[in-house]
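Got some structures for you, see below.
Heads up, the next two complexes both have subunit A, just with different partners, subunit B and then subunit C.
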Partner chain A sequence: MILSFDTWQITLFSLAVGLASTVLILPFGITLAWLFARKEWPLKSVVETIVLLPLVMPPVSTGLILLKIFGRRSPLGQWLYNRGFEIVFNWKGVLIAMAVMSFPLLVRSVRTSFGEVNPRLEQIAATLGASPLKIFFVVTVPLAYKGIVAGALLAFSRALGEFGATILLAGNIPGRTQTLSLAIYNFVQVGKDPEAYVLLGITVVLAFVFVWTSEWLLRTEKKV
Partner chain B sequence: MNRIWSYVLRIVTLAFIATAVLLPIGTAARAEEILASAAASLTDALNDIGRSYRQKSKNTVRFNFGPSSGLARQIEEGAPADLFFSADLAQMDALEKKSFVEPGTRRNLLSNQLVIIVPADSKLSISSPKDLLKPDVKKIALAEPSSVPVGVYTSKYMADEGLWEQLKTKVVPVQDVRATLAAVESADVEAGFVYKTDAAVSKKVKIVYAVPIDKGPKIIYPVAVVKESKHKAAARDFMSYLQSAAAKNAFKKYGFVVLE
Partner chain C sequence: MDVRFDARVTAIFGPSGSGKTTLLDAIAGLREIASGEIEIGGKTLFSSVRKINLAPQRRNLGYVPQEGALFPHLSVRRNILFGSRRVSRGAAAQSMSMEHVLEILEIGHLLDRSVTELSGGESQRVALARAILSRPQLLLFDEPLAALDIGLKEKILPYLARVRDEFAIPMIYVTHNVTEVLTLADWVLVIRSGRLMAQGLPSETLTSSRAIRAMPEEELENVFTVEFIEADKASGRSRARLSSGDEIFVPYVPTPAQRNIQVRVRADDILIATQRPEGISAANILPGTVRNVEMIEDQSLVRVHAGEIFCVRVTAGAITRLALHEGSAVFLIIKTRSFQLL
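== the complex of A and B ==
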């Protein structure tokens, strides 16, 4: 099937921003997941809960909070605006909405994978004189990398499906901030079901491939 | 391991390049670009009008489509919209009261009409609300009459006509106008009440009665320039284009009533 220019633009835009958002949260997500899995610190359970909140809160309310934080009316929004960083009604808003909404999924998956890495291997590396940083990159991450990739794929899929927070923070501006989810909403609103089904088909295929790959990686992850 | 990481790195680089390349599409420098936040139900009409405006003017207009309540919230938080086109009087009134609207720019431009629809192949002869009392009409789809505006309006209108008590038992409350349309399209109900613009997009239903505007509910679409807009002159220019004959024809084509 030959897809129209607009369909390609929407699909590639969603994929590109989704990927950028996943890359953006990866370092933070991995660090936080490691701190959750390996360290005990005060208020850890509180932080863990806060990180998970976007997963269960209505996305629109998360969007409203983000709009309050990044809107020109807030100190942070004003500060960014004065330096030429526009978040609201901009692709950067799409990026932030996707990042916030997919972050919990990444942290949860990676944390589980770190938990399955036998701490004895890390201890052995330490007795052989490896620094904590070296242990992390040479022992922990390689042993958990399938879980990390699986978590990243899951987060990426969630980013592609993001709707509620995106429409409030970034708006639904065709050619600028419109993602697959927003375009589907728009088509349904004006009764253009056939156009919506095309985008729905693309979304289902993409989501299926990424979620399936993620599951497959987790299934084949070696337990050590 | 290294292979995987270098591969991931390559994909990531590509993604950033793709983002950078795709984003400026359509934003090529024209004189001025304005952004109009508009109710989602206006999408088709405004896309047509935006295209014809682009040919006539040196400026371009871009749209942000969404629910009127969400669009109003964005403007309150300082979102860079130049124009607000609401499907709801209440949202515009609230923004105006909080002085987010440029004084003197507001126009109540469009109206919508309540209509009775039946499946396109329906053989029932319905030509007025009274005909819904006929025994052949067993079910009437209507958006939830206690909460959804179109449902509230319809039940009030039928009560005014003295028909609500008898018709109440036939009414199947559904989620919204879209659901009403779907129920009539599939002929699961004999008739339904929707807005004229919704009936206009479906080929599987036909309008058998349109409630006269003075008898029906006031469904108004107001438009105004946003006070904090940085492109006020361009926004005013587009607003006057919205009131041109060409724009009015586009609105009518999609079933809106243009208020003079």
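== the complex of A and C ==
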């Protein structure tokens, strides 16, 4: 097995940025999932659709949209550049691509779990004097935590597997923005099959572990 | 619905789907209502006109739902203490210490158990303790015994009566069960399809025509207070005295602490005779006079004064055969075992 320095660097980079992107989307994903599960509001169905789009659209399309939004020629890109933030062609671009592509998976999983929490429990907690914030953290989240963890795991593994949006927004720069997926593509392109297979093995093992754990969590979730 | 009431325990009685739970949820603030006013103890909880809508947290009400709704991820102790930070003033607070509540409901030994290990009756008592210990100004019950089988209902009912007697918290009790109303309530509202059909004292209202029209399938029961005379274990019965002085035989109970006890007898369990029967097994044969005969839906109800006012359900054919009318002299025949003690 060729576990070269490069292999380590690529793997660790992917894991680190993937983890960061998951941590980043967690608060937004959980909040949005709760709003979807518990509240009705104007334009809710529009937002629901937009959130699901990255799941359904070709990743390169999403990547192109992100490039248009964050690229240096766009207003937002300019604004960020002037403050020293460059998104395109570095790890921040990888982070954003991963975050956007894995977001819908997180939201869906958490929303389903929130939906399975009996609203009667939350109502009773309210009559007992609990504030909405207390109800959320002491009743809703503990009862839905398995779905939240499962969603986070799914999001993380999706982030690790991200290719289309990443390559457009961050490019495929070895040592700077090359993730596991991008590296496999690269190695196959230049005929370095053994290296590609090593990375392939790593991605398969990681994906297997994450998906299995996520499914196990969802299976053992008690429906109240 | 426009209603005002002021009683220790007010029952809301009606068939399933009559809007009882909706009403309770509206009082608790768990449900929006289009227009109206809700006021408790002079304080407005909701007013569509004045745009007041207190959140459930601020209404200071305890809610005991049909299925207990205990928090499954918390222990029994943490469930019970969930709302206990809210403190009320006055004598009520004194009597409501946690130890006292646990003692009355007999759940002290369950404190460290997980909620999922509890039986139906145990979880209802825990839900009750949780509601009480949040020191509410009013307790709301949504058919709390509906999910329990008959044996368990009879076991838990006394706990509810104890709660009513021990703690000074007024209760609103939603149910479609006549026994619960008669045992617990001082006042009853009869509801059907979201409308108020009748209200009044339980013993009168539940056998009133309007109530029967609202709940034609329900058991009709006669309930009254009698004075205990003596117990006869050998023959398996006790004697009691009606308010008129007539004596009846009821199933054996040892002499109770209080002389006055409540008995109930179903309208279906009473026979009417126009002649005093001989050689009959029933021990109670009460002479009386028919007060009125009434047809409600497809039932015939005869009200007879025989020491108390008894409501008797018979077939229309019987009324014709016996030529029953107002003023008829009759005898009521009631088996000892048909009298049930509350």
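Methods note: the second predicted complex is superposed on the first by the 222 of 224 C-alpha atoms of A that agree within 3 Å, B and C clash if a C-alpha of one lies under 4 Å from a C-alpha of the other, contacts with A are read in each partner's own complex, and residues count from 1 in each chain.
FYI, a residue touches a chain if its C-beta (ideal position, glycine included) is under 8 Å from a C-beta of that chain, and two chains touch if they have at least 3 such contacts.
What you see is a predicted model; the values in this text were computed from it and never measured.
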Three-chain arrangement built on subunit A, subunit B and subunit C clash or fit: fit
Contacts of A:168 with subunit B and subunit C, given as first, second, both or neither: first
For subunit A as apex, the angle formed with subunit B and subunit C - C-alpha centres, to the nearest 10 degrees: 160
Subunit B versus subunit C as contact partner of A:126, first or second or both or neither: second
Touched partner set for A:118, first subunit B, second subunit C, both or neither: second
Touch count on subunit A, higher of subunit B and subunit C: B
Which of subunit B and subunit C A:142 touches, first, second, both or neither: both
Contacts of A:50 with subunit B and subunit C, given as first, second, both or neither: neither
First, second, both or neither for A:76, with subunit B first and subunit C second: neither
Contacts of A:204 with subunit B and subunit C, given as first, second, both or neither: neither
After superposition on chain A, the shortest CA separation from subunit B to subunit C (Å): 10
Footprint overlap on subunit A, comparing subunit B with subunit C: 142
Contact footprint of subunit C on subunit A as seen in their complex: 118, 120-121, 123-131, 139, 142-143, 222, 224
Of subunit B, residues touching subunit A in the complex: 1, 4, 11-12, 15-16, 18-19, 22-23, 25-27, 35, 37, 40-41, 43-44, 62-66, 70, 73-74, 76-81, 178, 181, 198, 201-202
Residues of subunit A that touch subunit B when the two form their complex: 9, 12-13, 15-17, 19-20, 23, 64, 67-68, 71-74, 77, 86, 88-89, 91, 142, 145, 167-168, 171-177, 185-186, 188-192
Interfacial residue positions of subunit C with respect to subunit A in the complex: 28-30, 55-57, 59-63, 65, 67, 69, 71-73, 82-83, 85-86, 130-131, 134
